[in-house]
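Notes follow the structure.
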Amino acid sequence: MSDHIYKHIQLTGSSTESIEDAVRKAIERAGKTVKNMRWFQVVDTRGHIEDARVMHWQVTIEVGFTLDG
Amino acid sequence: MSDHIYKHIQLTGSSTESIEDAVRKAIERAGKTVKNMRWFQVVDTRGHIEDARVMHWQVTIEVGFTLDG
Amino acid sequence: MSDHIYKHIQLTGSSTESIEDAVRKAIERAGKTVKNMRWFQVVDTRGHIEDARVMHWQVTIEVGFTLDG
Amino acid sequence: MSDHIYKHIQLTGSSTESIEDAVRKAIERAGKTVKNMRWFQVVDTRGHIEDARVMHWQVTIEVGFTLDG
Amino acid sequence: MSDHIYKHIQLTGSSTESIEDAVRKAIERAGKTVKNMRWFQVVDTRGHIEDARVMHWQVTIEVGFTLDG
Amino acid sequence: MSDHIYKHIQLTGSSTESIEDAVRKAIERAGKTVKNMRWFQVVDTRGHIEDARVMHWQVTIEVGFTLDG
Amino acid sequence: MSDHIYKHIQLTGSSTESIEDAVRKAIERAGKTVKNMRWFQVVDTRGHIEDARVMHWQVTIEVGFTLDG
Amino acid sequence: MSDHIYKHIQLTGSSTESIEDAVRKAIERAGKTVKNMRWFQVVDTRGHIEDARVMHWQVTIEVGFTLDG
Amino acid sequence: MSDHIYKHIQLTGSSTESIEDAVRKAIERAGKTVKNMRWFQVVDTRGHIEDARVMHWQVTIEVGFTLDG
Amino acid sequence: MSDHIYKHIQLTGSSTESIEDAVRKAIERAGKTVKNMRWFQVVDTRGHIEDARVMHWQVTIEVGFTLDG
Amino acid sequence: MSDHIYKHIQLTGSSTESIEDAVRKAIERAGKTVKNMRWFQVVDTRGHIEDARVMHWQVTIEVGFTLDG
Amino acid sequence: MSDHIYKHIQLTGSSTESIEDAVRKAIERAGKTVKNMRWFQVVDTRGHIEDARVMHWQVTIEVGFTLDG
């Protein structure tokens, strides 16, 4: 974490399985265009309901990546 | 999400297994009397400890359902 | 919960597996020196990323234990 | 506001026109079943976008009504 | 607190005497129709003033009750 | 915004028409005694209800004015 | 609460007795120079300790008064 | 809202007319370069004052758009 | 308050009587092991309910004490 | 801090040098008309940028002064 | 600040010297690719410790720049 | 930051010079009894005023240290 400059972005991932899986999918998708991601923080956990069952977990994260990596 | 009117309620579910399971149990139980639930948001995640082990996960959620569904 | 006096401490646990596992590890480790822990509340969920993959879940919890237990 | 006991509910109204209109629709709809509503507070203002245009304003309000009115 | 499912409601009580009395009145009044209330949390403390004197204490609480008690 | 010193005040305006009109009325009334007001921020939007209709919009704003203008 | 314009001020009162007494003293003192105070909201409750005993309760309140009363 | 991945951005729009108009202008301008915007949330409402009159409404919104739309 | 270094701890006290009494009990109990406590701040006020009556007030406070007193 | 009654005001100071200098300038300017200021709390730290350089630090503080000093 | 449309970004800068220097470095580095930055707001101030000494100040800022400048 | 378990503590440091110096003094003093401190976060910045001049900067920080270092 030394002396880097970080930029932050916010992402929302979605999963039918779990909170952890929704986070992983958001990071994996972002990795196609964003390099040097280092950390994330969960800022919101939501979901969709149909017939009294959870259909999707939707997790919003803030992600930091180095501008100088 | 078009032009519905939603009412919100708050529920706390409990599980010995996981955060996701506590959410599912709260929604399933509420479904016995509340129809047309559409979304939820996690607002608090707590738990009980005995002998340095987690005994219950207790997750509080806000749930929205349509008044006109 | 009757008429006890509680003291609170904050801990951060870490896991490569899940949010629940990070909480369990923090409580288990604290249990070596702190007795009579009764409840916890999740206050922050973060993690580390390498090559667009989650390497560690880091979960910060507030824990209450009785001073008179 | 004298010495009443109030109960609070949360509602989300929707409008294609304005924030004020979304609030009015939520209160009007709730009035079919809830009597003696006295005040509201706006707690969230959101909306839906299609083709870079606002399609719906969605405003969440907390409403207080007297239990003894 | 074992494995119950809780529902939360918000109430505002009023008293000319004290904060504690306003809370007690809100809970007592709600008890006429709500069973199995278990805990409350104070979320707002306000009051009315006339001629530089406090006329009413108005305290808003969140109350949890079991759906399965 | 250069190198001024600002003092902040809080005001609540009221209108039967709209949120914008309540803000304008608060600022206009304050202008009778406060000079050099430069900016405002909305901090609370509330209102009164009678017979399931909005009677007044009440908007609280923070206003900054220069002490050296 | 009709269509008044309110100005808000923040005060901290102090008492060796109780939270309520600290609020009353702040309002009473402010009443010497401020007319038409209508409501207050508690925003902070603190105190001083000596020899493990509470010496003063210090309560900060926001007070609203009409500019046009 | 199914299983998309969203990215969030923050924008501030400005209008001499109304809060709604400031939101619309921010979204319209962003639409020149950002595709697939789906929702927004108002996070701050401010404005500029000259001669005790509102000159501009400045509204900050968070906007979500799909990365996979 | 001059140039001391303070350490903060969080405590929850309990009382069947009042909020003030719950604070006093927490500070009195902590005084058995912690010296030089100087101030506290109330951070949460909760309680337990049985048969629509408040059984315990539970108040959480943050306490500051000097490391160099 | 004994048994005084405090009034709070909010100020924003500006400096080309540092955060501390912006605070000092706000307090010094306020001292021309406000007596008996005792403490401050930083509530916002902002600044202006030109050509990728910080031109002004703008720091907003809450200041408490005794009404009875 | 007239009638521009702003976009916001979040950055974290690092310095061994001071909070101000960490902010300057973040803005300077962002200036290589972002034009027309106008203001910033400090949202988090952290740092790293080794052998009981501060090694780096890490300051997170929100920066606004005009889309139409 | 790998897979450590952290414990957090809160400290307030004081300085007549600057915010940075108050943080350094708190960490230096804590270092006499706490080993393996790794990071801090500023949570409150306050100060004392006499004769319209800042006498002390008082900065409260949260500090994390490893339990297993």
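Labels for the chains are A, B, C, D, E, F, G, H, I, J, K and L, by order of writing; each one numbers its residues from 1.
The working rule: a contact is a pair of C-beta atoms (placed from the backbone, for glycine too) under 8 Å apart; a residue touches a chain by one contact, two chains touch by 3 or more.
Small disclaimer: the values here were computed from a predicted structure and weren't measured.
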Shortest walk length in steps over touching chains, chain B through to chain I: 2
B-D, A-C or A-H - pair sharing over half of the E-I contact pairs: A-C
Gap in Å, rounded to a whole number, between the CA centres of chain E and chain D: 22
Whole-Å gap separating chain B and chain G, where each centre is the average of the chain's CA atoms: 38
Gap in Å, rounded to a whole number, between the CA centres of chain D and chain A: 32
Multi-partner residues of chain E (at least 2 other chains): 1, 18-19, 30, 48
Full enumeration of touching chain pairs: A-B, A-C, A-H, A-K, B-C, B-D, B-E, C-I, C-L, D-E, D-F, D-H, E-G, E-I, F-G, F-H, F-J, G-I, G-J, H-K, I-L, J-K, J-L, K-L
Chain D - residues contacting chain H, complex: 18-19, 44-49, 51-54, 57
For the chain J and chain L complex, residues of the former touching the latter: 18-20, 23-24, 27-28, 30-31, 37-42, 63
Complex interface listing, chain K residues touching chain A: 9-16, 25-26, 29-30, 48, 56, 58, 60
Touch list for chain L against partner chain C, complex: 1-8, 62, 64, 67-68
